[in-house]
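Presented sequentially are two complexes of chain A, the first with chain B as partner and the second with chain C.
Let's look at the complex of A and B:
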């Protein structure tokens, strides 16, 4: 395996690193391999085992090569209950964790990511076994100064059903690279991402979904509300192999621009080799709809209250199709509290 | 509120309004007192919805001349939400959809804003239940997103539900009868009648059928941005029978 210090650094011509170069999210300098501590991972609902780091395919991705080298352990999360909450607490200078989910039947897990570390690396992996269902939610509430590098690798086997929801509220600079492979026929994947950009947050979500087998379905919804001088990036890479006939896949990116200084990029990309598939993608960026604003204000809500309601609705709408009640409700509840603090003081 | 004037609930004088530089209203005069129901009829494009929107304070409409006084004060500078809090209500012809916002949450926040404080939860639930029963609305409405995926009739019922909860002093109903079947029209009309006694109502409509159920005190005909004729309920019947050509001739 390539070591980090021997690996070639990605250029900005690469889709993945176009908007957030590796140098901006490395904990120190790109030619260094600093000592990285461990985040605290806790749960009252499920068994967490710490084992020597599991080998993971890093696919020559620089962030994964880096994490593979600095991590010493893997947290194994064996989901036994239907609903599980896991707290990931990041303290200190630079910390990281690899969490691997083992789920055999139908279960859900909510990750609550908090802390004031300067740099956090998080690698989530899991294998959704045949005929099993897994719902994963992650709420990022890191400190406003934190840099987060998140890498995910998920594999969905035959007749497996996997949903992944992300609510991104915290951190200063975020680079997420979430990859899901639908390796079994009749497998399903839905992914939901809601981003609230505020202050000078830079939040970059790159999502790769790879259909390898026939009759597999995927849907990606990314809603980003961008205020102040924030910058949201959403890039998608949907690949449908030539064996993956009768695939149905869609990606939609929506950006709500709340300030003239806010920026948003939304770039879905498709690579379709099969010929009997349905594949759709779309992207839209717009300010608040004046008709909606007028309607709410005509019902007595001030401009600030109406804006808060519209932003909340826009972001909540990202999760409307989340099947797991516990994941959906956790997302919506946290979002409401966050927006009340952020938008209404 | 601004400068005080008279006792009328709403007094519109010599109102000229433009939208993106195009004049729509051209010297409209109208006075509505509390407890009165005024109906406004007119051809498409005559300015009916413009009147509704400009009274409610829609920012796209520019008053180029004339005044609007509400409860004795000039409200030209008053923001939309302040007008709502002062008791003004517009039932929209095409209410906006608000994805992700549940009807129950929206109603609670709206009522709290207009009343100046959040209603006690138990009392509000009871009030809401009664109003929804009055309009034959299922409780499942409350968990749906505001107007999203609603039929035309469901949208209008939600508008009237808000009317019942907000108990405005001035209710402007912009083609509330459009898209309603006969049963729904009766339910909506009953809702309007239940608040009309203490409210000034401005009912914009194309059809006599609503005015059979909501009896107007005064009927106005709007032509080219100003009121060309005013009269009693018989005026609406005449329009139903003869159309607007005779109004053109008089003008």
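Let's look at the complex of A and C:
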């Protein structure tokens, strides 16, 4: 395997690194391999097993090569027909964790990511076995100065069903690269991402979904509300292999720009090599609807309250299709609390 | 045509070639001396020679582009290209004076007939330079300038100097640098204030020689409140070795002006078609690109519009047909630089026989561009399981008041539509042809009728043998 110091650094012409170069999210300098501490990972129910780091395919991605080299352990979360909450607490200078989920039957897990570390690396992996269902939710409430590098690798096998929801509220600079492979026929995947940009947050979500087998379905929804001087980036890469006939795949990216200095980028890419498919994507960007604003303000809400309510409605809408009640409710509750806190300053 | 030649040409009806009868032909390969020789041969002013040399140096140093299907560009051997070939000593104004062999080619392409019927003016470019050029007298009297670019530089040097390279500078990309260094031919058009050119003007570009590079340069300026429709067609013979077409087109629409630029590109499947097309729209001006890509081995073409003035509008309609061995990497770029600017992009593509079609787009809204609106729609049809369709849209939004939409879909021909047409007596092949023509209809209805008919015939030819 390529070692980090021998690996070639990505250029900005690469789709993945166009808006958030690796140098901006590396914990120190790109030609260094600093010592990285461990994140505290605690499960409310299931016992987490810690084993020496499992080797993972990094696909020549620089962030994965880096994490592969600095991580020492893997946290194994074995779920069987249960609902679980896992707290990931990041303290210190630079910390990282690799969490691998082994799931059977129908399970769900909520990750709560908090802490004040300067740099956090998080690698989530999992295999959704044939005929099993897994719902994963992740709420990022890191401190306002934290840099987060998140990489995900998920594999969905035959008749597997996987949903992944992300609520991104915290951190200063976020680079998430979430990759899902639908390697089994009749597999299903739904992914929901809601981003609230405030202050000078820079939140970059890259989502790759790869259909390898026939009759596989996927749906991606990304809603980003950007306020102040925040910057949201959403890039998608949907690939349908020539064997993956009868695939139904869709991606939608929506941006709501709340301030004159906020920025948003959307690049939903589509590569289709099979002809018997339905593949579509859409992207939209717009300011707050003045009619809705007028309606709420005419009922006595201040401009800030009306804006918060519309933002909440816009972001909550990302999660309406989440099947797991525990994941959906956790997402909606945290979002409401976050926006109320913002409103109260 | 001999039987062998016929076989080589296949279904491509413009695949014939005439014996080369060059009066001047440069050796293959590019150097500073070649650039200077081209300029000297054309008796150009010193400032143009300097621009060419500067561009050549930039071309040598510049990396290959990273936007597009860049891996395919490695097949280009710049040393095996002829950069200048003159087939006729002068540009004729009378069709009868055009050299017989060249006239025969354009007769077969139907140029003189089209001119008589419906064109305001025509330029026919054969290899590196224009061989025939004419403009209707009434337009000339109104002060409309329509010349080939070489004559434009000779007769209106100040106008060319003022605008040349202002929209697409030589440093824009490697291929714009190459074009600026070795450009030859193309069209130069100036429409004075308030003049509306009712009939389209046309240029026809033909590569005849093997391993030829055609580097035409087109500059169109529509002064305040004027309008123009420019149409270009392109063909080349089918050889076993590759040719290179690397044009630069610059459009300038002044306040309230409108330019529509229509292209039906039908290069043979051995041509690399790498074109930089860009327009600037000033206050309340409109720039429209109507762009059809049927031929070529690889097309990388992303017509662009810089919406520089308040209220400016861009309209881009692009269709692509990718058959066996072809990659149509086409798209559109619109930069909203001023408030209340609007744009519409419609892209349609068909992939068949292992062909690959890609939409690659850029939609940018800068912080100063308040109240912009834009809509992008990409539809792709896949006709068989060997083909491929990609969509790579980019939206960069730096203004909170912008209202933008993008949607794309990839599908196959609907079984219901096929069944309906076949139940009314059409064969499967005819039914597919009708559906494909209908799919491209938003594009063909924007073309002058003769072009629309021609395009439908070309598509029918391409669709032949698509069943079984």
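Following the convention adopted for this analysis, the second predicted complex is superposed on the first by the 342 of 345 C-alpha atoms of A that agree within 3 Å, B and C clash if a C-alpha of one lies under 4 Å from a C-alpha of the other, contacts with A are read in each partner's own complex, and residues count from 1 in each chain.
The rule is simple: a residue touches a chain if its C-beta (ideal position, glycine included) is under 8 Å from a C-beta of that chain, and two chains touch if they have at least 3 such contacts.
Predicted model, so just to flag it, every value in this text is computed and none were measured.
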Given the touch rule stated above, what does A:70 touch, chain B (first), chain C (second), both, or neither?
neither
Identify the partner contact of A:99: answer first if only chain B is touched, second if only chain C is, both if each is, neither if none is.
neither
If you stack the two complexes on chain A, which partner ends up touching A:299: first (chain B), second (chain C), both, or neither?
first
Touching partner for A:322 - first (chain B), second (chain C), both, neither
neither
On chain A, which partner touches more residues: chain B or chain C?
C
So chain A touches chain B in one structure and chain C in the other; where do those two contact lists coincide?
none
Which positions of chain A touch chain B when the two form their complex?
289-292, 294-303, 305-306, 309-310, 312-317, 320
Chain A residues touching chain C in their complex are 11, 13, 226, 242, 245, 255, 257-287
Touching residues of chain B toward chain A in the complex: what are they?
56-60, 79-81, 83-85, 89-90, 92, 95-101, 106, 109-110, 113-114, 145, 162, 166
Complex contact set, residues of chain C against chain A
66-67, 367, 380, 382-412
